[in-house]
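In the two complexes below, subunit A is the common chain; its partner is subunit B in one and subunit C in the other.
Let's turn to the complex of A and B:
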């Protein structure tokens, strides 16, 4: 690798030296920043601005100058419901189904996942033999690609799959897991807990290990029961980490797409269609491509994510200061 | 065995097990099963023939019908064990099957043709790996193409990202200039803009740049990450300024200082970021799905996803392809798992 990179770096050095002579050392910082800022500007900040124009225009043309201005009509389409609780009463019922699915999914997934991650972290924090091994066992699914995760479980859950064979064997009988709407939803929650739990376990374990040992020794001296020690020492001292984990999990949960799309395709029906899939399908998968609706929905998701991220940054800052 | 037992029984109470130990280890071993079994099952299944995959209930190990070469026949003949009838207990090879009857021969005595009912026999099976699932990928599908696309995107994007992010981190950690705080805030700002919420305008920009349906359209938009800038900056701050001053005394250019001093000294942080970048890029799905619409540009992830729709019944190829897709990441994990764990814990993922 260095054989290719070294000459390249030498070539870059020539214009950089000229710039250094021209600008002076301190202003050269901007040159170092330039590529990164250019990429951020072009692929992060500019899109945010353009997203507003898309959300205020209609038609299926991707070129902004060819899109008629429609004002807030995209948002009206998305939000006109007789009752927000019942997607059937909405014009854009698929959007609301996706919203409600996402809300349910995020609640269940984050709750279950953080719960199990905490339990796993607490167990791993005990004097466990081969802790490194167990830790990596729980962690490795994090590295698998979403499509691979989806296919692994699809293969296990198919009608004549190994899970049904096992259930047959113990006499319960098999199910069409991914054809039944409620089971499919439950399995998407399971799948995403399975795939991401290790990541949060790792963070929580680090948080647990940061709790000083002598606090526990003092509790032991005072003959505090293990349950009391957990409630009065572990949980309060772990709560900053817990908060970080919760917010991170929420941010990622709202954006769930890949593994579910490959796993159920959003089905059966719209049972497992989440909000990002709705955006993808409106904007890119179907014809006509309703970029306006997709952008308007993106904007609504972005608002939620910005709020969550601000909370995350605020917690981080507080943790650092405190 | 004694070792294993002592490993399992050693606890903080010096050999005395209380119920919490039982619960802990039961939980952990249940976890091992739940985490490992699906992947092991995938790998074992990928070595099964299509016929074996359709067997219900499935067997744990891949089985194939055993065959035998008989003199006078070019093809190997499938073996059956007779369970009833005149030849009960014998192992015969099948010549052909006609309705409910089959023409069999005794491999030891190939001259004589025997007619048996197909109800009176069962196939002889042995454990065998169906390697043709894997070789078939290279013959029947454009597998190498997808593999190359994924590799090209992963390697190029990782290198660009490391360079661009390291340059920015260098500027933000080692220079005093007006506007530094503003830039830092901008970088934090991009944390709030995940690709998922700007898909439509990003699509326009990439297509205006002529990068639609090109691997560059996948590589470039994600090439600068706030995570990378912060991770590297945090590390570079700890490099003492005296080293830089000494280099400046020796008339080294700023670029040379960056390339010859800062980068090598930041190697641990760069390694962590590189591993993360490789993981993100190899597993990336949504953005490639939008940018790459022609199948010759597909990454492995896209190919896998589209094949599972087309090849609903062809699980043998699909499973083999899944295994090959997770193999590189598994290899990275095996060798670098310590870095991965610390890297992910310190950055909070993406």
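Let's turn to the complex of A and C:
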């Protein structure tokens, strides 16, 4: 191997030495960082700048140079409300319906999902029969495409779907699950929990397995009850992992779009329309295409996501320092 | 040996250059099908290619959603196809290729008449921008077998929406059918009934207003029908946003008595209902305003100015516009003709039952009842925005998020905002 590598290194060494002489040792680091910086700039930083630029323009032309500058008008349209609690008092009521739907969805989905993921991880961490099989079963939905997940549940829940056929068979009678706003929202939360729980279960399982066994053995010798062991040992030692799971689930929850769009299309009415669907519809599906309004809304979402990430970093730092 | 190599190289270069020349004349046609249109176009365009050496037409068959959502973005970015089948007829006018310099304008004016206006934007009344390939008109299908089973007489030609609703409810009750009535979830479909209820859609100055007393009256009736179970709730409440949803499958399954859709569904009914039950077309019911209007519409073939081969694009569209080709495509795709010569000569549709032939004739016979406001609405460049607003706000009223008054107030405000953005 060295026979091949050594001559190669010598070839690279010549221009690198020249560069080092030209730039100095300290500045040479930028040469190594440049490829990554270019990629990051092109695919992450540039779109953010473009998005910001679009948010300050109006009209329906897709080309930035052909769009009139409107300053903060799009942000003003989005945030003009007599009461933020009542979307009907807002100029852009659809945006605030989407915001409130997203907040409710994230609160319910993250709470239920992380709770069940923790419970499942604890069970799967025990020495039960067919543990490997059950781990696969819980993880399987994660492997499915969001559209497949949506279609499976749509077939189950539609008027002539599997669930109604079963309810009819046992004599209860069917129900139009996806036409009623409350039920459609509840099923959307359920579908999302079902589809993503396996991923977080896996992370929590890894966290549980990282807790040293001897701590549990010591608790056993001290005759600590299972509940006390869970509260005083498992939860505190699992908290860094829990934090990661919570923040990841929150961010993913805010970004929910594809599976819900394929599942309910955001209906009935706007009952399951979330913020990303609002952005998509304003910018791409509707007429006229309000790229400026969509860009402004996506910037507001980005700010919320950045805040969530900063909170995670702050708590992480506090835990490490503590 | 050297000479042989040289000859081979020259021949190969000549072939490659030839291939390059051919590919330089390749015309890309973005097509969607309601039934079998793209398949038939491919077939007839094979003949065009044989007659016009050097021009090849590559048909990209795409879903309808791609025409609505992807095509405008591609055109704005300058990466669109050369030709497309579109339904946002006036809305995409800024991208159209004016065919006037390449075709016999007199023939086009005589053959396509007023539909040419639907493709023109602003004050332009001269340019030739598109060939209306399939004329459609909205109207109702009924399940005649259910009426017979219920022993209820089918309402007459001048029956009102209220009379049809009453009859459909009675039939559904007598035959235990889940849904008496359904209207496709589309702003275009609601427009005809709304006009029959007195909606003007435009003010005296020709500016779009959408909401007036007539429009509000129909929306109120429509929402009431959803509340009392006359209308199938699945269609309008089963989706969000402005997404299109039809009720054809419910009708085909025999779960629906009265289905308001349009002439483009005839092929599907003919193919999928078969002998399952008898269906017939009853046109558009009348409203309190005295009109019995449906909405005209349809799709057209347009070329785009950003093409590298304007002459080839014009040649392809002009070929499809010729009376014999147009008549053949119309007959094979079970569509109503917009070509006046073809319509006057009459169309014998291929592979359709007598019932389907009668249905298509019934739709064609409804054209004189279409109100001027309906033609104006179809030709209005901003109609897609109005259709979308209608669907979103009416849906919110149906599911109870907004009252009808709030929904109409919002619809008017949405239209004002949309107009301000596009001016």
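One rule holds in what follows: the second predicted complex is superposed on the first by the 268 of 322 C-alpha atoms of A that agree within 3 Å, B and C clash if a C-alpha of one lies under 4 Å from a C-alpha of the other, contacts with A are read in each partner's own complex, and residues count from 1 in each chain.
In this text, a residue touches a chain if its C-beta (ideal position, glycine included) is under 8 Å from a C-beta of that chain, and two chains touch if they have at least 3 such contacts.
In this text, all values refer to a predicted model and were calculated from it rather than measured experimentally.
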First (subunit B), second (subunit C), both or neither touched by A:181: second
Subunit B versus subunit C as contact partner of A:194, first or second or both or neither: first
Touched partner set for A:218, first subunit B, second subunit C, both or neither: neither
Contacts of A:62 with subunit B and subunit C, given as first, second, both or neither: both
Which of subunit B and subunit C A:295 touches, first, second, both or neither: first
Partner, of subunit C and subunit B, that touches more residues belonging to subunit A: B
Touching partner for A:11 - first (subunit B), second (subunit C), both, neither: neither
Which superposed partner A:284 touches (first subunit B, second subunit C, both, neither): both
First (subunit B), second (subunit C), both or neither touched by A:269: second
Partner chain in contact with A:142 - subunit B first, subunit C second, else both or neither: first
Those residues of subunit A which subunit B touches in one complex and subunit C touches in the other: 62-63, 284
Touching residues on subunit C, where the partner in the complex is subunit A: 68-69, 72-73, 76-77, 88, 91, 233-234, 237-243, 382, 384-385, 387-388, 392, 395-396, 398-402, 406, 410, 418, 421-422
Subunit B - residues contacting subunit A, complex: 7-8, 10-12, 20, 24-25, 27-28, 31-32, 34-36, 38-39, 41-42, 45, 54, 56-58, 163-165, 167-168, 170-172, 175-177, 180, 183, 186-194, 196-205, 207, 220-224, 229, 248, 253-256, 258-259, 279, 282-283, 285-286, 289-290, 301, 304-305, 308, 315, 318-319, 322, 325-326, 329-330, 332-333, 337, 340-341, 344-345, 348-349
Subunit A residues within the subunit B interface of the complex: 9, 12-13, 16-17, 20, 25-30, 32-33, 35-37, 39-40, 42-51, 54, 62-64, 119-120, 123-124, 126-130, 134-148, 151-156, 160-162, 165, 168-169, 194, 199, 202-203, 206, 226, 244, 248, 252, 255, 257-258, 261-262, 276, 279-280, 283-284, 291, 294-295, 298-299, 301-302, 305-306, 309-310, 313
Residues of subunit A touching subunit C in the complex: 58-63, 88, 93-94, 97, 159, 176, 178-179, 181, 264-273, 277, 281, 284-290
